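In the two complexes that follow, chain A is the common piece, with chain B as its partner first and chain C second.
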Partner chain A sequence: MKKHILTGLSVLGLTTITYSQTPKENNWGTLTGLAGADVQFYTRDSIIGAPVVPEKMRMNAFLFLNYRKGGFYAGARMEFYQPKPLLGIDERFQGQGIPYYFAGYQYKGLDITAGGFYEQFGNGLTLRSYEARQLGFDNFLQGFRIKYNVKGIYIKGVFGRMRDFWTWSRGTVRGIDAEINFNETVPKLRNSKFRLRVGGSFVSVNRPDGEKVIGQEVLTLPLNVGNAAGRLNLGYGNFSLSGEFAYKFNDPSTPNRYIYKPGASALITATYAATNWGISVGAKRIDNFDFRTDREAVGNRLLVNWVPMLNKQHTYTLAASIYPYAVQYVGEQGLQADLNFTIPRGSKLGGKYGMDININASIVYGLDTTNRPSRATVFGSDTVFTPDRYGYTSGAGLGKEYYQDFNIEITKKFNKKWKLTVMYMQLWANLNVLTVSTLGKDPFVHAHIGVADLTWRINNSHSLRIEAEGMYTKQDQGSWLMGLVEWTFAPHWSVSLMNQYNIGHPVPEKRLNYPLGSVVYNMGSHRFQVSYGRQRAGVLCIGGVCRAVPAANGLTLGYIGSF
Partner chain B sequence: MKKALTLALFLIAGFGFAQLPSVKVKDMNGNEVDVATLRNDGKPMIINFWATWCKPCVLELSTIADEYEDWVKATGVKLYAVSIDDTRNTAKVGPFVKSRAWLYEILLDANEDLKRALGVQNPPHTFVVDGNGNVVWQHMGYQLGDEKVLFDVVKKVAAGEKVDE
Partner chain C sequence: MNIMNSKTVNGLLPALLLLLTAALSSCDKVPAPYSTVASNIDTTLYPPPSFSINPNAPRKVLVEDYTGHTCGNCPDAAVVLKNILASNPNVVALAVHAGSTFAPPQPPKYPDDWRTETGTAFDNRFGVSSAGQPNGLINRRPVSGSPIVFHTSWANLVNQYLSEDPIADVQLAIKTYFDPASRRLVAYVHSGFVETISDEVNLGVYLVEDSIIGAQKWYNQGLVDDYMHDYVHMDMLRQNISPVWGVSLGANNAAGKIQRREWQIVVPDGYHAEHLKVLAFVYKVSNNEVIQAEEVHIIE
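Right after this comes the complex of A and B.
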C-alpha cells in the first residue's frame, strides 16, 4: 500500500519539478498537465460525530496529461485513492489506475474522439457527462464521439458506457444532438441584433435487464429508454429568451419506484442585460426525470442527464453548506429571479468605484400529484394489492413546498484600501427533501443569515480579510456563528483562521466549536495547502449536485499544480 | 504500473507546451469561437477562467476592471474572461457582466472543454498569451496584489521580453 502511495507522490513531485520551468516551444507538439493530491490524517473526535478512520491517513491524488499536435490530441488521467478515498468520497473509488484516456483527431469541422469523453447536450436534460472531483462525481462516457459543424450547423453523436468507479456501466448510452445557429448559417443575420438558435437531442440508454420481480409482480422492463429534447435560444439586442423541453419514455427504476409513467421537463429563462443593470428570470418543471445507465443506481451514481438548479449558488460558508438545495430529479417545479445592478461611479451613493447589488429570489415546490389506486388481485382466499404501475398523475397545481430563498448582496469599494460585502438571506428548507435533517422532529427550517466580508488592503502585497457570518434559526441544529480572519501576503502566502460555533443547538452539550487553521503557499500555477482543525458535518454542492461531508478532525495536506 | 509511469515521465520531459489549443467555446451571442484563432494584433492577451459564483474570481476581475483601461492604453492587452459556469448559471453571465460594465471579452466554456485542455482545476486561473498565440505564463488562484504581478508580466510580453515563472 505504501509503495503505491510513494509511487504516486513521486510521479507528482517529479512532474512538478520538470515543469516548474517556463514552457518551451518545439515541434513535438504541446503537452499540458494537471496534478493534485490531498492527504488527510484523522484524529479521533467522537463529540463532533467524526467517524473512526482505522487507517489514520487517506489520500486522493491524480495526474492528468493532455497532448496535442496539429489536429491530433490524446490524454489520460491517473487516479490514486489509497489506502482509501478521503472521508466523504464514495469508498468504491478505492484503488488506483488510469480510468480516463482518450485520443482524437480534428480536421476542419470534424472532430472524432475514441476513449473517454465529457459531453453535454443543451442544458443537460438528455445528457451531461462531467467531473466534479471534490464531490467524487465522474460520469464520463467511454466509447466514441463524433462532432461535425459547418456554417453554424452543429451535429454531435455519442456512443459508450459510463464510468462506474473502476468499471463500466452495464447500460450503453447512444445519443445525437443537432443545433442550428441561424446567425452563423444565414449571411444576412451575421451581424444582426436578432439572434436565433434551435436545437434538439435524442438519447437512448440500452439496459438488458429483462424482468424484475417485486413481490407477486413480474415487471417487463424496457430494453431501450429514449429521452428527447428540443430547445430554442432567441435574442434581440439586450434581450434573450431560451427554453428547453424534454420527454422521457417510460423508465421504471429504483429512484421512481418502478413506475411506467413517462417523464417530462421544461426549462425557460429570460434575461435582459443593459449597462449598469441586468435581470434574469427562470422557471422550470421536472417530472419523473431521473435517467441513469443502471436502473438500480441511486444517489449521484450513473446519472445520464442533469437538471440545472434554479437557485443562487451560495458561497458563504453558512449559506452554502448547511441547508443547500439539491435538485429533485423525481419531480419539482420552481421560479427564480436574479437582479444585478450597479450604482454608477461618481454618483453620491456609488462613490469613486460604484456599488454592486445583487438581489435573488427563488422558490421550489413539489408537484401536485395523485397516486393511482392499487389494484386488488385475488389469489385463492387471499387478496393482494398491487400498485398501479403508471404511478401517479401530476396536475398543474403546487405540491409541498421544498425550498425558498431570498437574498440581497451589496459590494462596495470605498477606496483603494477598503472593500465591504454584506449579504442578507432568508431561507425556508424542507428537510424531508434535502436529506440533511439531523433532529428529524422539525422537518421545516426557517433561517436568517447575515454576512459581512471586509477586505483591508494594507499595501500592494499585504491584505487582511475578515468575514463574520451568523445564522439564526429555531429549528434543527439551531443558530450558528462563523468568523474568519485571512491574512494574505501576495504573491505567495495566505494564512487563515476560521471558527464555526453552533451557539443555538437545542442540546447544550452540542454547542460546539469547529476551529480550522490553514496556510496556503502559491507559486505560479502551483498551490500547497496545509490545514488543521475540525470540519463540520454538512453538505458540499457543486452545480446542484451535493454530497454529505462527514465531520472530521485532523490535518490535511493539499497540492494542486498545472503545467 | 510503475514502468508505465516512468515511461510517461520520460515522454513528457521531451515536450514543451505553448500554443493555444484548438478548442471551441461560445461567445455571448452563442457563436462558436476556436480558441487557437484568438489573436490581438500581435499584442498580449490574458485568458482568465472565472465563474459567477466564484468570489476570488469576481474580486480579481473587478480589481482589474478598475485599472483595465490603463492596462490597455499601456500594452494593448485584451482580457478574455472564460466563464466555466454550467447551464444553471450561463444565462446569468450576461446580466452579471453588463451590470458591472466590464469591458472584457466574455467566453462561455459550459462543457469545460477549454478548462480540461489547459489543465485548469479551480477558478480563478490566469494565462498570459503572447502576440503569436503562445501561452507564456500562468497563475492559479487570486490574492489581492496578484494583479500587479500579472500586469508586470503583460508589460514584459508587450515589450517582447522573456517572462520568468
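Right after this comes the complex of A and C.
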C-alpha cells in the first residue's frame, strides 16, 4: 500500500540507486562493488527486422568499486563495450576504460567530491545527472562538488563537465542548490504535523560557441545559459503539496530549432495518504525546456536537466515496451491522478489478505503555440525571409494531443499459495510525437491492454508464475498476445518461457511469434542468466527517457552481482 | 528563528549570497532580433537567368481554392480544380487552408494546422471562408459584385477569362535554385510587360507544396465517419516568399519593360523539396485583380 503511494510520489522524487551491502568497518576501510556483464550473440533474422551484426557477438560490462574509510571515500567504474555496444545502446560508447572515478571527504555536514559525481537539484528541472544503464544513459559530471548542511539548511554547489561517451562535453556546468527544511531548522516545528521545505537552484552552462550560421543568418549565441528554479513542499498530517517552477533564459539549440524564447516549467503534485487509501494528483507544463551542455546535441545526449514523467511507468511487457510515453522536453502539458486503496482484510471482498487496487489516469497534450511571423530583411529588391528567432508564443489552451493512459490494477492474495494481479489499460498515443516508437502507417494508436499475472506458491521452494497479456489495437502493428510461464526453484533456479505474438499485424506475413526462454541462477547477491530467442523491436523508457530497442534474435548471457 | 545566532550559519549565509550573485551573473541575454541576416544572393553560385519578352506569352489564370480539412464538401472542389488543371495548361492553382470553421486542427483526427499567415490574410481580405467553403477566387475578379465563386462555376470562368485574351499582359518567368544540403532556395522572378499597364501592380511570390498526406473529411464517399486519413492535398499554400501582399512593381509600366526581383529563403524542414513549387502572380493594387500567374517546381 505505502509502496504504491510512494511510487506515485516518486514522480517528483529522487531515484536513487543504492549499492547495497552492509559495510563491515575495519582498519582497512570498506570496499564494496557492483559488477555486470551482458553478452549477446546475434543470429540473422530478417523477418523480424533484426539488424545484421557483422561482429556476431557483443558485450557490455562494467565493474564499480567503492571504497570508504571514515570520512574518506573513493570509487571508480570500469566500462567495456566491445567490439561494439549491444544493439540499441548508442554506438559511441564503443570502447573500454575507466570514465568514472572520484574521491571525496565527509566531515560533519560538509562533503567534498572531486572527479565524477551524480547530482540532482529538486525534481531535476535545472539539473539531474544520473545513470540508466539499460538506456545507455550516463551524464555524470566530472569536476568538483561541495555539499554542506547545518540545522536543516542544505547547500550544494557543482562545477564540472559532463560525460559525453568517452570524452567530456565542450560545455561546463555550474550550479548551486539550497534547501531549508523548516522542521529541522525551527525548533518549534520539529515535531509538528505541519511540514515545510523551501528550495531553490540555479544552473548555468557555459558553451564556447559565440555564433551559429543557419542559411544566411548569423545567430548571436548566449555563451552562458542560465536555468533557475524554486520549489516548495508543504505538508500537514496525511496531506502534502509540492511544486516547482523553473525558468530558463534564452537557449537556442538544435532541439528547439534555435529559438530564443525563454523556457518555463511548472510541476505541482498534491498527495493524501490515509490508512487504507491514498491519492496523488499532479499537473505539469513544460515549455521549451530542453537544456544541454551542447546546443547541437540531440536524443539523450548531454542533457543537463530532467523533466519528470507524469504517467505510470508500466512494468508489464506489452504495456511498457510498445507505446510508452516519452517526455517531450520542448513542450507538453499534462495531468495525472493516481488512486490506491486496499479493501481491508476480513471484509467480504478483502478476504484474509485484503485486496489492493490502483487506478491511474494521465493525459498529455502539446502546447497551444502560435509561430511568430517570419522576419523580412530587404536587400534591394531581394527580400530574405528568416524565422522570427523568438520562436513562438504559447497560449493557455491545449495543443495536439500526445498521450492518454487509463489503467486499473487489482492485486489479490487468495491464500498462502495463490496470488493474482489483473490489469486493464487503455492508451491513446500520437506516434508523430513519440518518434522513438515504430512508426507505422497510422500515427494515432488507440489500444486496450489486459494482463493477468498469477503466482502459485507450490511449496517453500517451488513456485510457478503465469502471466498472460493481450493488447488490442487496429492501428500500427495491430494486436499482440503475450504469455509467460516462470518456474522458480528457490533459492537458486528460475526457468521461464515467454512468447509474444503479433496476432493482428496488418501484413499477414508479419504476424510473428517472439519466443524467448530464460534460465536464471541466483547465488547470494549474484545472478546469472541465459536467454535464447527473439527480442521484439520496441521502446524502453526509464523515467520518461526512452530509447528504441531493435529486434534481435540469439543467445544472451547476463551476470550482475554485488559484494 | 534563533538559529540565525549560530556562528556557522552566520558565516554561511553571506557565502551563499555571494555564490548566488556570482551564479546569476553567469547568464547572457541576447537582445532581439538575435541574429543578423548575411549578404545578398551569391550570384556566382546562383546566376540570374537571362530573360526576354515573348510577345505571345500565354495568359495564365490563378484559381484559388479556399478549403479546410474538416470541410466535407471541399474535396469535390479539389476534384473540379484537378480537372481544370488536367484540361488546361494555362491555369495555376493555389489551395488556401483558411478560416475558423474547417481549417483549425481538431485532434485527434485532424491534428494538422495547414493554415498560414498569408492564407489567413488573403481570406480576411476577400471574406471567402466566411461565405462558406468550398469557395474560390478566379483571378480575384469580381463576378456580379463579389470575387467569391462556388466551384461549379470555376471551369466556365477560367475558359471565359482565357478566351477574352489568350495573350498575357505581363509575362512572368521564374527560375529557382535549390541546394538540398542547406535547403536554401533562390528564386528569380522576371516580369516582362507585353502591354503597357498604367495601374500600380504588385508581384507576390509564394511557396506551394503538392502531395501532402493528411486527414480530410469527405462526404458521400462511403468512408467511415467521412474520414480519410491519407488524403493527398495538392497545391497547398505553405508560406509567402515575398511579403504577404507582394512587392510593388510600380505604376505606368510601358510595354517592353522588364523587371527582375529575387528572393532567397531557407526551406523549412518537413517540406518535401520534390513537391515544392514557387508560385508568382501579378495583381492590380487598386482592385486586387490578378493579371498573370506562373509557377515552377523547385526541382526540375
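The working rule: the second predicted complex is superposed on the first by the 531 of 563 C-alpha atoms of A that agree within 3 Å, B and C clash if a C-alpha of one lies under 4 Å from a C-alpha of the other, contacts with A are read in each partner's own complex, and residues count from 1 in each chain.
Going forward, a residue touches a chain if its C-beta (ideal position, glycine included) is under 8 Å from a C-beta of that chain, and two chains touch if they have at least 3 such contacts.
Note that the structure is predicted; figures quoted are calculated from it, not measured.
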First (chain B), second (chain C), both or neither touched by A:Ala178: second
Touched partner set for A:Ile214, first chain B, second chain C, both or neither: second
Contacts of A:Ile155 with chain B and chain C, given as first, second, both or neither: second
Which superposed partner A:Asn276 touches (first chain B, second chain C, both, neither): first
When both partners are placed on the shared chain, which of chain B and chain C touches more of chain A: B
First, second, both or neither for A:Thr32, with chain B first and chain C second: first
Which superposed partner A:Ser242 touches (first chain B, second chain C, both, neither): first
Contacting residues of chain C [partner chain A, same complex]: 1-3, 6, 8-9, 12, 16, 19-20, 23-24, 26-30, 32-41, 105, 107-109, 111, 117, 182-184, 229-230, 239-243, 247, 260-266, 268
Residue ranges of chain B in contact with chain A within the complex: 1-2, 4-5, 8-9, 12-19, 21-22, 29-32, 52-55, 59, 62, 66, 86-89, 91-92, 94-101, 110-113, 116-122, 125, 134-141, 143-146, 148-149, 162-165
Partner chain B, residues of chain A touching it in the complex: 7, 11, 14-15, 18-26, 28-34, 36, 64-68, 71, 73, 78, 96, 98, 106, 118-120, 122-124, 130-131, 133, 149, 154, 181, 183-184, 195, 197, 233, 235, 238, 240, 242, 269, 271-280, 282, 306, 308-310, 313-315, 338-342, 353, 356, 411, 413, 455, 457, 460-463, 488, 490-491, 494, 520, 522-527, 543-544, 560-563
List of chain A residues in touch with chain C within their complex: 148, 150-151, 153, 155, 157, 174-176, 178, 185-187, 202, 204, 206, 213-226, 228, 249-250, 252, 260, 373-377, 379-390, 400-401, 428, 430, 432, 441-442, 444
